[in-house]
Every structure is written in structure tokens, then in C-alpha cells.
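Chain naming follows the written order as A, B, C, D, E and F, and within any one chain the residues start at number 1.
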Amino acid sequence: MCLGIPGELVGIVEEHTDLAMVDVSGVRRRINMGLLADDDLKPGDWVLVHVGFALSKISESEAKAVMDMLHGIGQAYTDEIDALKESDIS
Amino acid sequence: MTTEKQVLDRIERIRRRRPVVREERITLAHGSGGKATRNLIDAIFLEAFRNPLLAPLEDGATLALGSSRAVFTTDAFVVSPLFFPGGDIGDLAVNGTVNDLAVCGARPLYLSAGFILEEGFPIGDLRRIVASMAAAAEMAGVSIVTGDTKVVQRGKADGCYVTTAGVGVVDRPATLSISAAQPGDAVIVSGPIGEHGVAIMLARGELGIEADTLSDTAPLNGLVADLLDTLPTQVRTLRDATRGGVATVLNEVATASGVTVVMDEESVPVRPEVTGVCELLGIDPLYVACEGRLVAVVDGEHAERAVDIMRSHPAGAEAAIIGWVGEDPPGLVLLRTAFGGTRIVDMLVGDPLPRIC
Amino acid sequence: MRFVDEFRDADTARALAAGISARCEPGRRYKFMEVCGGHTHTIYKHGIEDYLPEAVTLVHGPGCPVCVIPMGRVDDAIHIARQPDVIMTSFGDMMRVPGGESTFLDAKAEGADIRMVYSPLDALKIARTNPDRRVVFMAIGFETTAPSTAVTVLRAAEEGIENFSVFCNHVLIIPAIKAILDSPDLRLDGFIGPGHVSTIIGCRPYEFIARDYGQPFVVAGFEPLDILHSVHMLLGQLAEGRGEVENQYARVVPWDGNRIAMEAIGTVMRVRPHFEWRGLGFISHSALGMAEEYAAFDAERIFDIPGTRIADPKACQCGEVLKGVLKPWECKVFGTACTPETPIGTCMVSSEGACAAYYNFGRFSRERVREATRA
Amino acid sequence: MTTEKQVLDRIERIRRRRPVVREERITLAHGSGGKATRNLIDAIFLEAFRNPLLAPLEDGATLALGSSRAVFTTDAFVVSPLFFPGGDIGDLAVNGTVNDLAVCGARPLYLSAGFILEEGFPIGDLRRIVASMAAAAEMAGVSIVTGDTKVVQRGKADGCYVTTAGVGVVDRPATLSISAAQPGDAVIVSGPIGEHGVAIMLARGELGIEADTLSDTAPLNGLVADLLDTLPTQVRTLRDATRGGVATVLNEVATASGVTVVMDEESVPVRPEVTGVCELLGIDPLYVACEGRLVAVVDGEHAERAVDIMRSHPAGAEAAIIGWVGEDPPGLVLLRTAFGGTRIVDMLVGDPLPRIC
Amino acid sequence: MRFVDEFRDADTARALAAGISARCEPGRRYKFMEVCGGHTHTIYKHGIEDYLPEAVTLVHGPGCPVCVIPMGRVDDAIHIARQPDVIMTSFGDMMRVPGGESTFLDAKAEGADIRMVYSPLDALKIARTNPDRRVVFMAIGFETTAPSTAVTVLRAAEEGIENFSVFCNHVLIIPAIKAILDSPDLRLDGFIGPGHVSTIIGCRPYEFIARDYGQPFVVAGFEPLDILHSVHMLLGQLAEGRGEVENQYARVVPWDGNRIAMEAIGTVMRVRPHFEWRGLGFISHSALGMAEEYAAFDAERIFDIPGTRIADPKACQCGEVLKGVLKPWECKVFGTACTPETPIGTCMVSSEGACAAYYNFGRFSRERVREATRA
Amino acid sequence: MCLGIPGELVGIVEEHTDLAMVDVSGVRRRINMGLLADDDLKPGDWVLVHVGFALSKISESEAKAVMDMLHGIGQAYTDEIDALKESDIS
């Protein structure tokens, strides 16, 4: 129900209808951007899509910060895993 | 006090009971290919028609006709829309029946076609459908040798329904069966899954979603012949993954063979657009229909060879091993998720998806 | 998929799992509730519990908006749907939710015109193209979904579409959490907070939880690493003796939420004095109804609704499951009388319901599954 | 100046041309079993699927399967109402396909069943239909060995459509064919005509007519076997007189065999109630469907014997010789009226009668 | 069947045929017109011509009410049928009658709700059970059928059924016969009069034919012996130099007709100043329209009707066939461009039309058929 | 179109609707008798039925008169035919 999916803004917001084209993994749908009128949206931005509406603009820096932090957790394990990755020849 | 294990065991026992149909009316769930469909078939059709040829619920029945062995099958096609990216109801109706014959180990030869046309249906559209059927039959090497046409009042159909039946001969001493899977076997799929179902959903236009997905409808008899020519006894089970998708086929294998099927999510081929549509709609591609994808259960020792054979046929260019068969717990399909976790993959409970075949 | 795939990375998960284990105090057991059904779904779908140590238990909360709709409301909706000129629309999730006598799917089979939509805007489109029919949108969902309904009503008003109305069943998360916190039979160590609700309401409304109940509360994303990360954060707070609201999902959730969305809700809807939640009973100020000013779009005012009240079936223990007091399998009818095919309680209907998620994805004991899936 | 004869000859030449379908949309006439149906089949289906097995348009196709000869046939059933005095869509669907196999000289063995169910269809009704099918299959000695079920949205069907296909083996060296009639042959019908069609029309209730007419739906394979056991080569053509009635069958015989068929109106068995309904509605019982009546063309020398054989089988108790085969003019069916006059009996031009099968 | 079977007796027919031959003056040829399409149908269906000597020719008159409907009226009816709230009803005979562009059957295939009825009362019943639809009865037929329409309208008025109306195309037999009698290219020796029309209008209206045109006129029944008997009676009048109206069908036709039926027509309908007949052009006072007092039931007043006028196709020689000037096979398109499947003229549509009857039943020369059917 | 069929009145005329049951060769339908209100109809009478209405009452004596007359025509032929009939042993 609370299903929300990240999508990339690939079209201009149409003035009257608040609609803009959003791309999810190569799939496109017109999404209502009215709830993000405060944000300064432009093509290439990512938004969270829920029942045809964009609920929030996704922050790339926050995403990176979390990923960095996650990679930092249990550094020992990560080192081990990196070593493993290098040995992967598939 | 009852333990979790006791509860779960009791549930499994109940699940193995003969199903009953409690509903008073047919709902869309009965056509979904999932549990409700299966219950309807078991409780109403199998019960009334009871005979040893129907009982195994293979994709077709294997018959003795004089001194020959033949396979006989039928499918009704009610797809909406009739024309969709990658195909139409015509080639679907031919390929669907060709594939059901092929997966029973038969060489498809003859098809029948029963048309139910709605008053007002454009004859131009009928010509297109019939031309598709002719082309698909030609491609699969089968002949449409008998047929029937009925017309119903406007509002009593959706343009055109086609029911095909097919007859093929069994040339080789195959032992293919839904109940033949054994621990140690590998599970192979002949290509990316879910494209047909997604193409149909989008073609209806109601979701407002655009993607370049084409239906995967295709005849599989050539691919199957290649496989069985080389691995006649090592191939245990073949199925085309139609309504209910790969997950449903594997549940049928697990139940009929009394084995566990373990899938490896990461190795299941899914095209990005199919993933995208499924994520947007909150559905699982494992349950989405294909109309030209083979699921094969093959002796584990020969799995790589089977994949090689498939890959050298155009219909199997992206074949992949997606899992294996284990012993316990019998009747279940398990999934190792890409994330590294595990879960059950159960029969679909009547998701009212649009009509896809 | 960007912002998705990287949060499903198994290598990182293994590292994180190690971190989680490391944060568990030996001998101590932790019980965290994920409030949101979306989280429940993610947990089962990806098999996240396989990464959690024995010491950590996830309890599935009341955050499946389908599961908390009382049967009487479903009957009322079916009553509306049966009017010959009505087209009832709703999300696919609603189709199999049992009312007192039947479901949308049954009513549809009996002749009611009920259509699934992806968005409330699609329902409005149906109204636009069927001017001779009355189109009702069965609105369900938490604050995540309410703004979409509100914006749709605003658009209908703007365009003067008179044959569109909303049967409003939007519910509010905070009163539900409070009800659970006040429940005497509950012991929790912290909450995994609803990420998508929070894109709208922000993180501030949860502050009372930390302040008044001393419970750690981490607003979490919906990818499996998000969940593991949140558990890690909750354990961190506990280890440090903190009880705070933290935002694991900052890439999506602004601390202050979405002002425009809140205003849209405020314009079109009003908090109801009380509303019945399936399994939890009546909760004050826990749901939204249509505002007086938008009465013309309010199906409750337009249609003569029976206002059915149906007691939960005796056998049903959804309330206990929703509060996390019972695990799904501990309900007496779980998996026997109550299955996804024949749900008795609503937790068995939506794939976000605790019972359905457990039945569909996790029915076997984890050890046995782990054993079976070892290559 | 053109004479009448020149005009009539020119018309006959034109009638022998390959038909074209000029209409833009399907109308009820295309399902009537008469000329429009025939044109649709010729111009669209035969044209696209062209193959030697389909071309003769027999009631089924005779196939070589390995070393065996089999017959394969299909029919779609869309009758309304589903339940009617004397039967229902279930036994109709079984008997119809059994009969098509039988009249091709095959021993019917296996049937498939494809169901298209409308959302909301009462499951109790489905059980009744399925039970009828099982009983009819039992009576005809065939097994329903494979099937398929689809569910369509409410308003996209009329409760339940059933498409059956059938396979039978050919045990005897029969030469049965629609084109095998020869001058000097006799035409036999196995019992009173038109009862099925009349029963259906009245069962719809719209005409306000009450009569005790029961559908004649019945399996004919026993009767056919008796006939062919004794007269294996003397029986030229067998047909069940379904859509389009006896008149249509005989037109097909006349055209395919290039002969005249002469009917004697007085000897055609018609029950009084059928006559009554036909007189009230202004229709001709010769065009009204039966679902359990055999039309046989038999060597004239053995016609009496054939009638005797039929009469000693319950399904042929009221069998009668109703005409004979002549040489000229080829392709026409003529009738000696009871009044003592003569006329042509042509193919039906799309009379929009209610759906009868 | 009583009153039917005895009039189909072949033995009596043979005797009668001998009597007919005996009454023919050697060397003289006789041409009688059966006015009514029902007679045409009977003649072909039973093969009556086989009993007639060479000297007697039957000419098929304009008495098929389906055949005389001009194409424009069909188009008008289809126009009404296409209104979304309309259910058009008519007898099965109308389904395949070609208008300028399409037929009822085509219009139905394209979505119009067109239903066949057995009786106008059935159309009224449809109106009663579909109060939200407008039900129109496409009324066709001579005086035989007009009273049934009239009584149905009276009942609708009595019951206050407001959604029922009649698109009135009833035609009158006398003006048609007069038009034929006045046609310069015609030579007839007498008429087989329309039996069922006469049950309503009686026999008096034909008296002018004997009086003013000196033609024998025998009102005839519809069984084959009735026809032969009438021919015998006509030959008798000619032999005796009489030209009178005689009633062969006295078992059914009262000399004065049916008073109640005529009054019903008179109440509900009015004679139109003129009406177009297919093939015959406009004929004064030749048809019935709805009376002013029943305007509420008059589809011509209720609906905005284009009033289409379409010239008969050039190739069509229906007019000549209807007047008996040409035999069907003498029409240039007969059996080639114009067949029952693809009728150009309406005489090819109804089985009572001269061309259709000849095509379906009599297409081969009588000698050849007689030869072929000899046992 | 002008199809009219003789049927036997087998039921009472229902006052309000003018309907009565008529039998045609064992087949029954409710027929409107309103146009024959002047006739004194009773069960056993025969009427001519057209599009659901009875148009006239059939006179048995007139029918018999015609049949008698027909049998009288060409008496020579009839005698011949009677002789033929007697010799028919089928």
C-alpha cells in the first residue's frame, strides 16, 4: 500500500496538470508533481513515486552518506568481501 | 503448548487435502492460473471427469491411438487486447497449443481452431488474426486441419475468442512428467521471464505506463526437439510458463514430484523494463505469464549441456539455470533472494490481473 | 535500478549483519516493531530475518491500511458499489478484503461495476469519461496516500466534475502507534518507523514517543539494507541508553515532511472524532473524513450508507497480531481456517498483512528453509 | 434475346465461384450455418490455412498419426439458454463432437474441453454442466482427457461457453465423404427433424410459445457403428444435421458430390409440435437444427437394410428414407412437396435465429 | 393441422388441375396476378405451378410489405435505432432489408439495439420492462397487420407507457392495386385477392375493380388448394364473361371485414396524403401514419428524422417486377449482382418477394426440375 | 408478412388483457382476442392468428362447403382417385 518507487524525472512539468514524465528502469509514466511545487525540479532529478504522485525529491547526497556509512560498518567484514570480489572471475 | 513447528506441519497436512470450492460464483480469481483455478479444476472438473489420462494434469494427455502414441491438448484464448506489441490472439492461440504439445514430448502436427466471434467484430481484424495463425502454424510446422465458428450477440463476448486443440505424435520413449523431478535435478528457464504478461498489461492502456516490452509468444517445439534429441531421458519435466508464471509451474513440479524446488533469484533472467513495471505495480515477475518460455527440469549432471543446447537455438538464447531440486520439505518452492535471504514462493492467490491469454 | 539495487547488496548486508550481532548484548533479547506493512512485506520478500541474530525479533505492527479497515466499512462500500449507476474504484489491494458477507471481487462477480485503479487520478479520469455514471473512489491508506486523494478532489472541484466522490477511509499513524504504546500487554524495545508516511508528516510527530515512552524510533527506508541499518541504529540507541527519533531514510524523508501535502489534506479533509480499526477497536482522532466544504465529493454524504457495524469474528486474533502480542502462527485459525484464499482476518488479505506475509513467504521454520536452500 | 435458361445457367456458374466476404463486420448471419457462414469459412479460413486436410470441409479431419488413422474435430458451443428441455450446453458439447467424429467414420475416444466462463457465473450451474458432460461422455464411451478454463469479465460472455475437440480412431477402411454421393443412392434421416432448434427457440421464452418439445441431443456413434459394421462401403456419406438443418447438409452433399439430391417432403419425419412452431413463426423445419439426427447417403440397393439397422437402434427408431440422389442438375437440392409440386431447397441465407449450439 | 392439411391434399389438387385445364380455352393464355406476397410464397413453397397448364401464368404483385418499403425509410429507422437510449423492435422480416447504406442487421452489428419481435405486443412488453429506454416499434404490413399495431398503441395509452412509440409504415392495398391497374404497360386477366388483408377490410373495397376495370377478382386463402381453386374460379368468370369479386376464402374472410379492427385503425392512424412505394414511386393515400391524437406514440414526431430520400439503384427493376411487367429472371441483375445474400432490390429480401421466392425455390426451369424429381 | 395460421381456442379470454390460449398443432400461445369481441368465442372455436392477434373466427361450415365443392370438381378424376385409394394397402 505504501509502495513508493524511485523514478527519474525525464520530462518537463506540464503547467496546467502538474504532470511530468518519470522513468523507472526504462518504464515511463506521467506522474503528478503538484506535491513538490516547493522543490526546484529539473530533468535528471529523482523523485519517490506513490500512486501516481511524486511525494518527495530524493537526495543523492543523503543516499551516498548512508551508503558510505553502511560500508563503514563492520569494516573488517567489508575488507574480507572486497578480497573475495577480486578473486571472482565469472 | 503448540509449537510453531506443530502448527506449520498441521497446515501442510491441510494443504494436501483435496480442495473444495466454497464460492458460489465464478470470480476473476478462478481464471488467474493460481490457487483458485487449481481448486476449480480439482474439485469440479477432475472430480466429474475422473479418468487416468486427465488426472495427472499434464499440459496435454498422452493417448494410445491404435499402435501410435499421441498427445492431445487444448487451450482457450481470451486475451485482451486482441492485438498487442509482439503478437496477437492468433499467434498466441497457435503457439500456446504447440507448446503444450511440445512440453509433453510430442511433435506437434495438427491443430483445430474454434472461434467465438462477437456480432460487429471487424472482419479486417479477423483476417489479421487468421493470417497470424497461419504464419504461426507455418513457423511451428503444424497444420490447422479442422475448425468451427460461432457468432454471439453483441455484448456477449469481447470481439474474438479462439480455442485451439492440438494433436502431436510421440516419437521417442520420453518419460517427461510433472511428477518426474528428482533431488539433484537442475531447473532451467529458456529466457527472460514475464514479458508477455507485462506487454499485455501495458497494451490495455489503463495504467498509463509506457515501455518497449514485447510479448515473448513463440513456438517452443524446435527448442524442445533439440533438447530431447540430445538428452532424451535426462530431461525430467518440461513446461511452458504461461498463466501464473514460473512460480506456478515450479509449485506444480514441487507438489506433483514431492520435492523441494529451490530458486536462485539472482539467476532468474528478467529484463529491466519488466522489473520496472513490476516494481511500479507491486507485483512479482515470478508470477507474470510468459508465452514462449520453457521451464525445464533436467538431471543436474547434464544441466550445463542442456543450457548450451538451448542457447544455440534462437528461442533459448538467454537460457539460464535458475535453481535446483531438493528433497525436503516436499511440495514447496523456496527462493534464495538476491539479497541473500530465503523465503517460500507459494501458489498465487487469485490476483485479479488482466486477461493475458 | 538506482536507489534500489545498491540497497539490496548482499555483501553489505553480511557486513551489516555482523555489526548487528556485535551490538547485541549477550543474553538480551530485542523486540522491534515495524509499524508499516510495507516493511513487513520487504522483510519477508527479501528474507531479511535470515540476517538477524536469534536475539532480535521483528514484530509486525498495524501499518497495513487494508488490514485495519473494519468489515462494516467494506460492506458500506459494497452497498455503494451496488447502486446501478455507480462505478466503484479502488486499489487492487481492496479487491479481496472480506466484509461481513462478501468482498469487492464477489460483488463484482455479482454485477457491481468495480474497477481497479493505479492512482486516484485514474478514478477521476473514469468520472470524466463516464458523465452519466457516479464514480466513487474508495480511498484507503495512511498519510502517504491521503494527499493524492486530496489533490484529486481539488482537481475535481477545479474542473467541476460533479459525478466524482470519495469514500474516505484514510487513517492516521500516530494515534495507532499511541494505542499500541498504551496497550498493557505489550513489551517493545523500539520502532522501525514508517518511511513513506514520514515523507508527508516528517519526523517531528514521533518525538513524543522518545520523550513520553522513552522508546528509540528510527524512520526507515524500504529496501532490505534500510531495514538492517535501522535495526543497527535501534541497537545503537539502546546500547547507548538513548531513546530518540532518528531518520535512517534521509534520502527521501525531510525532517519536516511535505508542507504542500499537509495543506492539501488540511483543505479537503478533517480529522474524525473517532474511527474503528479492525482488531484495535475505536481510536480517537485516528482517521480522516471529508471536510464540510467538500461535501459534494463525499460519498458518505451523497449515498445513503447503512453504516454497518460488524464485530470481528470470534476466532479472529488480528488485534493481538496487529499489536505484536501474538505471532501470526499463534492465532488459532492461522493457516487452517484462515488462509490467503479464505481469510478470516484482514491481516491475511494484503500481502502487507502480517499473517499473509508470514503464510506466503515464511511459513516454514527458518532453519528448515535455510537447510533446504543450501546449495 | 436472353432466355430464362441462359440466365439460370449464368447464375449457376457464378454460384460456383470462390466466394468473397464483402461485409465489414461480423453479423449474426455469419454464425447461422448458412451461406454467410460458408462464405466466411471459404474466403477467410480455408484461404489462410490452406491445407489438404482442411480443404474438404468434412465434419473432422482424417489424420495419419504414426501408423494409425485418426479423426480430429472441434466445435464451439454458445447455446442460449444454457439449460433447455432435453439437455444443456454440457451434453450438447460432448454429443456434438462425438457425432462429428462418428460421421467421419471414427470411433470416438477422447475429448478435450475448453471453458470460457463469465465472471459471476454460478458455480452450481457449472457443476450441472460438468456433470452433464461426464454423463454424456460415459454414455458415448469417450473420456474427457484434457481441458482449459478461462474467466472473462462480467459482460464479456453469456455465462459459459464450451469448446470441445475430439479424437477418434478409424478402424475400418471407410470411404465416407461428403463428396461420395452417387446417383442412385438413397437419403436417410435417423429420426424426426428440427426438435433441438425448436426446443431452444422456445426455451428462450421470448416468443411466448409453449410446447412439449425436447432437444434431440444424443450421441450417434453407436448407431453409426451398427450401420458401418453391416454396410461398410455401401454408406457413402454421414452427417449430423446441426446448424442449418437437413437442408444445409443435403446442399453440402449436392455441391461436394456434384449431384442432385431429391427430397420427398411427405417422407421427412417432423413431429406435430415442430410443425406447429414452424408454421407460427414462418420458418421451414428443413433448416432447423437437430443435435442427434443422422443424415446418411446410402447405396440405393441397401437403403431398406440401412433403415432396418437404424430402427433397431434406440437413436434411430424413427429412421426414414427421405429422398434419393440424381445426376442432373448437379449441386442442387430439389424437393417434391407433399402437395405434389416441386421446388428448389437452397442454402439458408443468414436467418438470424437464436443461438442454438 | 386442421384447416391446413386438408387444403394441401395432392389427390384433390390433381382433380382440380384437370378442372383448370378443362376450363382453359385452347390457344388462349391467361395472366393472373396474386397481389399478396403470402400467395407468392405459397406458390413457390408448394410448387403450385407444377399443377398449372402452360396457358396460365401467375404474376407476382406488390403485396410484400417488406419489399415496398423505400430505402430512405429504412435509413430513417436505422437513424432512430442508433440513438443510444433506443431499442428498435421489428419483425424478423425487416432485419436484412437494405437501406441506402446498411440494414438492421448491419446496424445491430455496429451497436444499435435492434430486437426481433413476434408481435407488436412483445415490443410493448419490452417498453414496460425497460422504462429507462425508448422502445420503437418499426411497424410494417398491410391492413392485416395495422390493427395489431393500433391495438398495441391503444393499450400503451391505456397503461400510460410513455417510452413506447411506433415508426408507422403501414401501407394500404387498394391504392397499390389501383396504381397497377392504371399502369399502361400491364395486361392482366384477373386477380388472386389478398386473403388476410380481406379479413380486415372485407371484400367490398375490391368492387371497383370489377365495376371500373371489368377484371375478375377472387379473394383467396393461403393453402395450395386455395390458390388452385381461385385460379379455377377466375377461369370460370372469364369463361362466363363475368368480372366480379368472389370470396374463395369465406371460411376466414367475412364479406364485410372486421369492424373492430377498422375502428382501431381509424382511431390511432390517419391516411397519409401520399407515400413512396419502392419501385412504384409516390402513391396518393396509400399508407397510414399516426393520428394527431396519438402523437405521443409517433416516432416520426418524437425523433428528429432525416427523412432520407434515396432513388432506387439504377440497375434495380423491382418496379417492373412488382407490376408484373417483368419476370424476376428478366431483371438484368437477377441472380448475379442481386441475390438473397446481396439484395439490390427488396423483392430479393423477404421470402415473400417475387425475386427471392423465384431464386430460392424456383430458380430452375420447371421442366428440368420435374425431370430431375421423377422417381 | 401476412402469415396467418389457424389455431384452436383452448382457454378462456382473460378480461383485462383480451388474451386467450390458442393451440396450433399442440403448440400453445397467448393470443390477443380483442379484434373478435363481436364474435361469440368459446373453447373449441378456431381463429386465424397473425402476429399475436386473432383476426377472424374460422367458419367450419364454409370450410366444409369449399372442400365439398373441390371434391365435386372434376368428379370423373375423383372417382378414379377413390378407386386408387381403395387399392392402396400400405
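Brief remarks follow.
Keep this in mind: a residue touches a chain if its C-beta (ideal position, glycine included) is under 8 Å from a C-beta of that chain, and two chains touch if they have at least 3 such contacts.
Quick caveat, the model's predicted, so the values are computed rather than measured.
Between subunit C and subunit E, the least number of touch steps comes to 2.
Inter-chain contacts peak for the pair B-D.
Centroid distances from subunit D, each centroid being the mean of CA atoms, peak for A.
The chain with its Cα centre farthest from the Cα centre of subunit B is F. Here the CA centre of subunit C is 60 Å from the CA centre of subunit D. Subunit A and subunit D have Cα centroids lying 65 Å from one another.
The centroid of the Cα atoms in subunit D and the matching centroid in subunit F are 35 Å apart. Touching of two or more other chains is recorded for residues 23, 25-29, 119-120, 207-208, 272, 275-276, 279 of subunit D.
Among the residues of subunit F, those touching two or more other chains are numbered 3, 5, 24-25, 52.
Counting only residues that touch two or more partner chains, subunit C has 1, 4, 14, 108-110, 118, 122. Taken together, the chains touch in the following pairs: A-B, A-C, B-C, B-D, B-E, C-D, D-E, D-F, E-F.
Partner subunit E is touched in their complex by these residues of subunit B: 119-120, 154. Per the touch definition, subunit C reaches subunit A in the complex via residues 1-4, 6, 11-12, 14-16, 18-19, 22, 36-38, 63-66, 91, 93, 118-122, 140-142, 144-145, 147-148, 151, 194-197, 199-200, 222, 225, 229, 232, 248, 250-254, 258-261, 264, 350, 352.
Contacts from subunit D toward subunit B in the complex involve residues 21, 23-32, 37, 40-41, 44-45, 48-49, 51, 53-54, 60-61, 63, 65-70, 72-78, 109-110, 112-124, 126-127, 130-131, 133-134, 137, 143-153, 155-158, 161, 163, 165, 167, 169, 355, 357. Those residues of subunit D lying in contact with subunit E across their complex are 4-5, 7-8, 10-11, 14, 22-23, 25-29, 35-36, 39, 206-208, 260, 262, 272, 275-276, 279, 281, 324, 326, 328-329, 332, 334-344, 346, 349-352. Interface residues of subunit C facing subunit D in the complex, by the touch rule stated above, are 108-111.
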